[in-house]
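We call the chains A, B and C, going by the order they appear; numbering starts again at 1 in every chain.
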Amino acid sequence: MESNELRSAIEAILFVSNDPVKVDDLVAAFDESPETITAQLDAIKKTLDANLGGFVLEQAAGGWRLATRAEHDPILKKFFAKKGESRLSIAALETLAIVAYRQPITAPELSDIRGVNSTAVLRTLLERRMIRVSGRKEVVGSPFLYRTTREFLVHFGLNDIRDLPRLEEFGDLIGEPINEDVVAAISDHVMLSREDDEASQPEILRSAQDDVDDVKSTRDQHE
Amino acid sequence: MESNELRSAIEAILFVSNDPVKVDDLVAAFDESPETITAQLDAIKKTLDANLGGFVLEQAAGGWRLATRAEHDPILKKFFAKKGESRLSIAALETLAIVAYRQPITAPELSDIRGVNSTAVLRTLLERRMIRVSGRKEVVGSPFLYRTTREFLVHFGLNDIRDLPRLEEFGDLIGEPINEDVVAAISDHVMLSREDDEASQPEILRSAQDDVDDVKSTRDQHE
Amino acid sequence: MTEEEKELGGESSYNVTVPTFHGPLDLLLHLIKKNEVDVYDIPIALITDQFNEYLDAMEELDLEIAADYIYMAALLIHIKSKMLLPRDETMEEVEDPRQELVDRLLEYQRFKSVAESFAELDVVRMGMWSRKATSLPGADGSEIDMSEVSLFDLIDAFRTALNRYKISHPQALELQRLVHKVSDKMAELYERLKEKSPIRLQWFLEGRDRNELIAIFLGMLELVRLGGISLKQADTFGDILVAKTQTEMDQSTFALFDNA
């Protein structure tokens, strides 16, 4: 197939597909080499990035997908009069982190690591399709086993679960801030716009500060 | 708003929306004049037309929408037909769920529970090898009895049909306990699976054998 | 309340001044950090006291203290008492009683760090919209990719079917309920056990139709709950034996269970 034609046909498929499109599937559909297909995908990505248009092409969950840029979130929310899904709670994120690294894992094992009963959080994550039941463990009570989903990979911009940084790389010593490199590594393929940086960063810091303040005030009351 | 920014924001909206986007709605969202908005839409349309890319901007039903070009229809059909083989409709999933929990079950019984004729869906599930025929019911008309297959178990990570979530476990998973009256009305051995253990054991072994036979006969047909 | 609100003890209400921790380990990490102590050498007496102070504060504010915290408080006291025991100097390499807790804290700390980086990604990535799901060429209506269909979807679909059935068959449900009364089945089982106990459950169930079995099953559960009977199963797939207990049941109360 002629290069330009191939490229626009791939674009059409990317445009229509709801899920990340796999290189293998494109290879099969066009009967072209994986190298040719990947080169086209790279070219599409570069053009979109250069244009700073309405959307970008990114790799996620072992495939490629078109998505809008984070900076357009406010106008999209306004236009579609959508509140957007609420952010995942800290409890949910903690639980998700454990499932991501320890999968497949049962609810009791998970609650044990977190030190709190995690049934309700697991349900939230099931509803959000971030995790799924992948079977039962062959122990007393046959508890369900949980795994992360493809949706999880897409949401966090991971190509594969093995792309997660090694757990050991996360702050070992208590009180030590998270290794900046690790955060950078995870957020690598995330396109942070300037505005977003400024908007989201202080929020995280602020909430951490709130926590500390909360503790202070309680202890004050108590003493 | 700066012209380039406005343009890429409009692109983002067009990208996300399935329905034609109305100029008036864009005017309201951006607080810009209809002329400005229309000029941007025209510019987007011209660029896309010139690129001969995967999609174009077209006017339809009183609005604007991005759509693939007609010449890509064959490749899109080809690509998604292949993908379609691994997709299940909601009706099929529901039917599968009822077969799983009420097996063995006949088509009339199933249609009765679902309130709609389910013959076509059963055929899809047979083709996907999620269910199989396990005999005939000894009633008028001797309808076929359907059961889930071993592939079904493998897909859902179950070793045995008795590993399906029990009703009392539904609450943990989907947050809504099942009304027992309803189950009493439609259900066979869901609640009794524990007591049924002895009875169903040989049956399950037998069904595994049927499965093997099924595979054989299908292969014979193919060859 | 949402899962989070529950866990946080209702954070959405105003003027909440109690810090919100995501469990006892989170609280412990906080105390270690605040006291600037070495996690490998936790001053267990100090930390235990502060941990309990926190629980007291919660109690004063009438907040429900989750069992997980109480369990941790007990564990801390246990470790503290072990620390007070004289060390056997002849034995080398005595395991530090704090070791297991330290390991858990470190592991939890790592996951907390992962969660923090997930939180940042969550914010940014949530702002990246994909196209709204469209029905794909050649597909009729909404479809799910088979590889992503899990047990959750399956039972969710089952629930949907049941709910629809319930709405379209109100009389059927009414009839079912009248045919087999739970109270009758409770009485029948109890009478049988008065004659002979224990009996094999399988034997009692034989020849019953499905709906009757369900009534029996429910009645049996009630009897177990009331302490009038007990169930025993020697091995996994073995016979289930039903036996009468010492507790005498007042059979006139059985009728109470029909409208449950």
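Keep this in mind: a residue touches a chain if its C-beta (ideal position, glycine included) is under 8 Å from a C-beta of that chain, and two chains touch if they have at least 3 such contacts.
This is a predicted model, so every value here is computed, not measured.
Engineer: Would you mind naming the chains that touch chain B and likewise touch chain C?
Structural biologist: Shared contacts of chain B and chain C: A.
Engineer: Top contact pair of chains, counted by C-beta pairs?
Structural biologist: Highest contact count belongs to chains A-C.
Engineer: Going by C-alpha centroids, which chain is farthest from chain A? Tell me that one.
Structural biologist: Checked the centroid distances; the maximum from chain A is C.
Engineer: Give, as an integer number of Å, the spacing between the C-alpha centres of chain C and chain B.
Structural biologist: Chain centroid spacing, chain B to chain C, equals 31 Å.
Engineer: For chain A versus chain C, what separation do you get between their C-alpha means, in angstrom?
Structural biologist: Each chain reduced to its C-alpha mean, chain A and chain C end up 28 Å apart.
Engineer: How many Å are there between the centre of chain A and the centre of chain B, using C-alpha atoms for each centre?
Structural biologist: Once rounded, the distance between the two centres reads 24 Å.
Engineer: Do you know which chain A residues sit against two or more other chains?
Structural biologist: Within chain A, residues 15-17, 66, 68-69, 72, 76, 123, 126, 133-134, 144 contact more than one other chain.
Engineer: Two or more other chains in contact with one residue: find those residues in chain C.
Structural biologist: 129-131, 134, 136-137, 145, 147, 150-152
Engineer: For a test of understanding, state which residues of chain A touch chain B in their complex under the given definition.
Structural biologist: 4, 7-17, 25-26, 28-30, 51-55, 66, 68-69, 72, 75-76, 78-80, 107, 119, 122-123, 126-127, 133-136, 138, 142, 144-145
Engineer: Please name which positions on chain C make contact with chain B in the complex.
Structural biologist: 129-132, 134, 136-147, 149-166, 168-169, 172-173, 176-177, 201-202, 205, 210-211, 213-215, 217-218, 237, 240
Engineer: Under the touch definition given earlier, write down the residues of chain A that touch chain C in their complex.
Structural biologist: These residues of chain A touch chain C: 15-19, 65-73, 76, 84-85, 87-94, 96-98, 100-101, 113-117, 120-121, 123-124, 126, 132-134, 144, 149-151, 155-157, 167-168, 170-175, 178, 182-183, 186-187, 190, 192, 196, 200, 203-204, 211, 214-215, 217-218, 221-222.
Engineer: For chain C, which residues count as touching chain A in their complex?
Structural biologist: Residues in contact with chain A: 2-4, 6-7, 16-20, 22-26, 29-30, 32-34, 36, 39, 53-54, 56-57, 60, 66, 68, 72, 104-131, 133-134, 136-137, 145, 147-148, 150-152.
Engineer: In their complex, what parts of chain B are in touch with chain C?
Structural biologist: Counting only chain B, the residues touching chain C are 12, 15-18, 73, 76-77, 80-81, 83-84, 86-90, 93-94, 96-98, 100-101, 113-115, 128, 155-157, 164-165, 170, 173-174, 176, 178-189, 191-192, 195, 197-198, 201.
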